[in-house]
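Below, each structure is written out as structure tokens.
In the two complexes that follow, subunit A is the common piece, with subunit B as its partner first and subunit C second.
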Partner chain A sequence: MADTTEKETPKLLINVEFSDGLETLIKDEVLKKREGRSCAQIKLEETYGGSPATIRHLAEYIRDNCIKSKPELFYDKDGVRPGILVLINNDDWELFEEDGIDKHDYKLENNADVVFISTLHGG
Partner chain B sequence: MCDTSTLDISAAAEAPSRRKAVPGKCIKCKAAKPNVAIRRIQYCRQCFVKASVTKFRMAVGKSRKRVAWPRTKVLIAFSGGPSSSAMLRLAADLQNMELKGTDAMPPFLGAVVGHIDESCLFPSCPESNICAIAANSGIQLETLALEHVFLPTEDHLALLELVQTALAPGAAKEQLCVRLSKPAKDASCAEQLQTLFSNLKSPTDKEDMLQAIKTALLVQLARNSGCGAILLGDSATRTAVKAMALTGRGRGFSLPLEVGAESQWFQDIVAIRPMRDFVAKEIAFFNRWTRQPSAFVPTFTTAEHRRASINRLTEAFIVELDQDFASTVPTVCRTLQKLETRPDALAAAPCLVCGMPAEPDAHTWRTRLTIDSNVPESTPDTSENDTFDITSCLCYSCQTMLRHTAPGAQLPGFCSSRLHAAAAGSSLVSENQDRLRKQIENFIISDSDSDDN
Partner chain C sequence: MPRQCNICQTARAIIRRPKTGQRICKECFFYVFETEIHHTIVDNRLFKPGDRIGIGASGGKDSTVLAYVMKTLNERYNYGLELFLLSVDEGISGYRDDSLETVKRNQQQYDLPLKIVSYEQLYGWSMDSIVETVGRKNNCTFCGVFRRQALDRGALMLDLDHIVTGHNADDIAETILMNILRGDIPRLSRCTEIATMGDGYIGRSKPFKYAYEKEIVMYAYLKRLDYFSTECTYSPNAYRGYARQFLKDLEAVRPSAIIDIIYSGEAMKVAENVKLPTMTSCERCGYISSNSICKACVLLEGLERGVPKMGIAKASSKQIEQDAPEVARRGKAVEPVHFEKLREKALNIRKQRMLNAATSSCSKDTALCECTGDSCQ
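This part shows the complex of A and B:
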């Protein structure tokens, strides 16, 4: 992650929710229970290497900072593990996949709601 | 909704056909912004929920046309997971149709929610949440715990205890020997269940045994509740995974019964799988948008790698393939619809463990194996008069499971009940029959000594 001595850059606040077993992978100190849901607030840089923050940056941040162990159960090879659904502002992220644009490259805005749902049997 | 005032007459004259998509709009209403894409077809939230309700009704209706079951009560099998929670919601709505004043009759005389409590094996299983979700449906809940299979009943006073197995390919004489034994005196049913599972070798074997026990208990629950039908919540994704996994485990003989939209294998009870047309993604969105709660039900391979069990590996294979080829799951499911149960499968005796048809001479398949794990197997000593060979009463998959199970393991009570029934029906090989009957007689408690137990 960014060196703390660097000049502070603007942050994006992303509201994340983990569901259907994914919450068991996440560190307890990251999770907050809200109306029975397992939520977390994640701060991302506004830009990474000059490019705006995307879902990929969020998923990589979660993989590197929020997973208890076995990060590959969340992020496999070069993306969110197959079998995990992603909702961005309550819409299916596959809607944002068009004209050769990968759904991982969806640009996040401040206060975006992102939900990760496992559809795998037993989480 | 979109503003139609700006549409010109020519566009109105060429009104899009029902199936033609309007770019950037829901495929159904052609007006709202889409919220979900299912196999690249985009729906808005309202149309998606409506389509799901219709799809469920159609699935039940179609099953009813194919298998004309009498008007009966139905047991809704409910594990608490997303698929069975969605099914519970959809089935409850379907049953309440009459109450809402429509002319249609509900498809079932009544409904009962059937739940198997797995907390004995999975202490983290949120039982209270699961019961609360079931209670929300307004339908009566009936629960049986997994350990119930070790509760002594008149049918099974004795348990089958594994003695020795010799089922390695090329074994001189293939045998899987058991004897009848009483459960350990001080052991509770829960301890007996835990001991059984600790004696099973691999997570795949444990998943198989768990499935066998759950199926037996659901059928028992249905009979106890006077239900002539069971709704099972296998989704399309689950069905595709199951089909591949069952094939890999050598369950091809009973496969059509285990994945079919409906099955009459349990004779007095029809098993229906109305969620078979829903992929896992549809279920997740349906639950989210209808605020239908579900519980996270752990399994033996929760938080484990893909190679943890055959089921897990197959799931990873199907789900990864489906990510790149969105029609993978529907294609597997459509292919499965073409499967027909062989007449000899319908006439076969039920396997002592899984209760599915056991192919006669299933063990002969093993002789064709050229690679096998190097597991030392003891040669059964059948000189002892109290052991008998049950190989012919087991399906191939359960033979494989028990082959790897530690000797001394006691099988659930329904196994000895089924053996009892097989002995009575003379489906056992003759050399075993008399010995078995005598053994069983020793365990039958007469009225005079029943007070002692």
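This part shows the complex of A and C:
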């Protein structure tokens, strides 16, 4: 991940929540319980290789730094694993999928709220 | 990228519907989600006024949303239903005890009576003690078989007319796939039905049959409903897990895949030369069964006799008999109450209720607590 090599650039602070069983994949030291929710604050670089930080960078950061084991349960070869719902600032990220535009390319701003909800666990 | 709701054309869209691709706002989402369930209920004539309905409640997202929506629709459209929360305590510490706490909070939040039936009380065996005996490999079989009966037993104790469960479109599509993959034709032909006769006395239905899991989760999340989401501590059902992931991969490419699989399942017809089991009553407990002894009774006998492979293993019955220890019945030996007896009791409760209704002007069901005894709360 590029975050160790680009220490000079300003950071983005992203508020992340893991829900419906996903929190069990996340390292305890990363999680903070808030009103029964499993939250984490994640610092991203503003840019990666010259382009602005996207939800893909966030997901990759989580995969590489926050998952206890089995990162493929969160992020498979193509991106966030199908069956995990993502809300960006309370919007379903599938809204951002347009012809030819991948929802993973959604650009994150400082202080964005991102929720990952698993639908792969039992009801 | 603000965009307008495809329905009201004024508010900002917050969700893309998997079924239609529409981008809609929060209020319109709540409205269309609830209205679709209403149509499912009305079009399929799932209930009639005055019905006593048990909502199979696990504390998980599906059944919590179901309880909330059933209560909302019952009030909004005057269904005239009496709603109950019906929960099964399998006896899995660290899992079901926590989720039952959620159900107890739901009982307060939705102001619905709650009945909990436990495996321990019904069968003399909790899942914890079953796992201690059989190990972690086949315990899901016990749990599934016992749960189905437990809901019917609970429903009879409350004299319910009908049980609704939170099975959603994704669950049903998954089950169709699994039954195809296993060649389980009797289940394949049954699993797409929105309503079944259950044990022959108490109907069952799935009002969420056409509701996508994504929308149920979003609904629960946006409404801030109080639900429980921890995986069962015992081995998850691996086969179902594969089917689920496969389905989610398909859905990512083509969101209509789920509803399409259900449509295919509904349209399939079992060939005339395929032999389907005829249903009869279990000689021991009176439950509906395709054999003279139902699966639950076989499994229980295996547990009691110390040969838990009975009813699950491919081992021959001879081998099972040979493996049986000398000392029979080492379990706690609770004889499950015969279904005829439960039905008789239910009938008495009904009579009593009608009598009460005739003599008292109070519309509240005062007979409920006296008649169900012990764990009625």
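To be clear about the criterion, the second predicted complex is superposed on the first by the 114 of 123 C-alpha atoms of A that agree within 3 Å, B and C clash if a C-alpha of one lies under 4 Å from a C-alpha of the other, contacts with A are read in each partner's own complex, and residues count from 1 in each chain.
Definition applied: a residue touches a chain if its C-beta (ideal position, glycine included) is under 8 Å from a C-beta of that chain, and two chains touch if they have at least 3 such contacts.
Note that the structure is a prediction, hence the values are computed from the model and not measured.
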Touch check for A:102: first (subunit B), second (subunit C), both, or neither?
neither
Once the shared chain is lined up, is A:64 touching subunit B (first), subunit C (second), both, or neither of them?
neither
Touched partner set for A:120, first subunit B, second subunit C, both or neither:
both
Touching partner for A:25 - first (subunit B), second (subunit C), both, neither:
first
Which subunit A residues are contacted by subunit C in one complex and by subunit B in the other?
20-21, 24, 82-83, 85, 87, 90-92, 94-95, 115, 117, 119-123
In the complex, the residues of subunit A that touch subunit C are 19-21, 24, 81-83, 85, 87, 90-92, 94-97, 115, 117-123
Within their complex, subunit C touches subunit A through residues 1, 3, 13-16, 23, 58, 60-63, 166, 168, 170-171, 213-214, 216-218, 221, 229-232, 236, 241, 244-245, 248-249, 251-252
With touch defined as at the start, can you tell me which subunit A residues reach subunit B in the complex?
20-21, 23-25, 36, 70, 72-73, 82-83, 85, 87, 90-92, 94-95, 115, 117, 119-123
Name, in rising order, each residue of subunit B that touches subunit A in their complex.
34-37, 42, 82, 237-238, 241, 280-281, 283-285, 288, 293-294, 296-303, 305, 311-312, 315-316, 319-320, 322-323
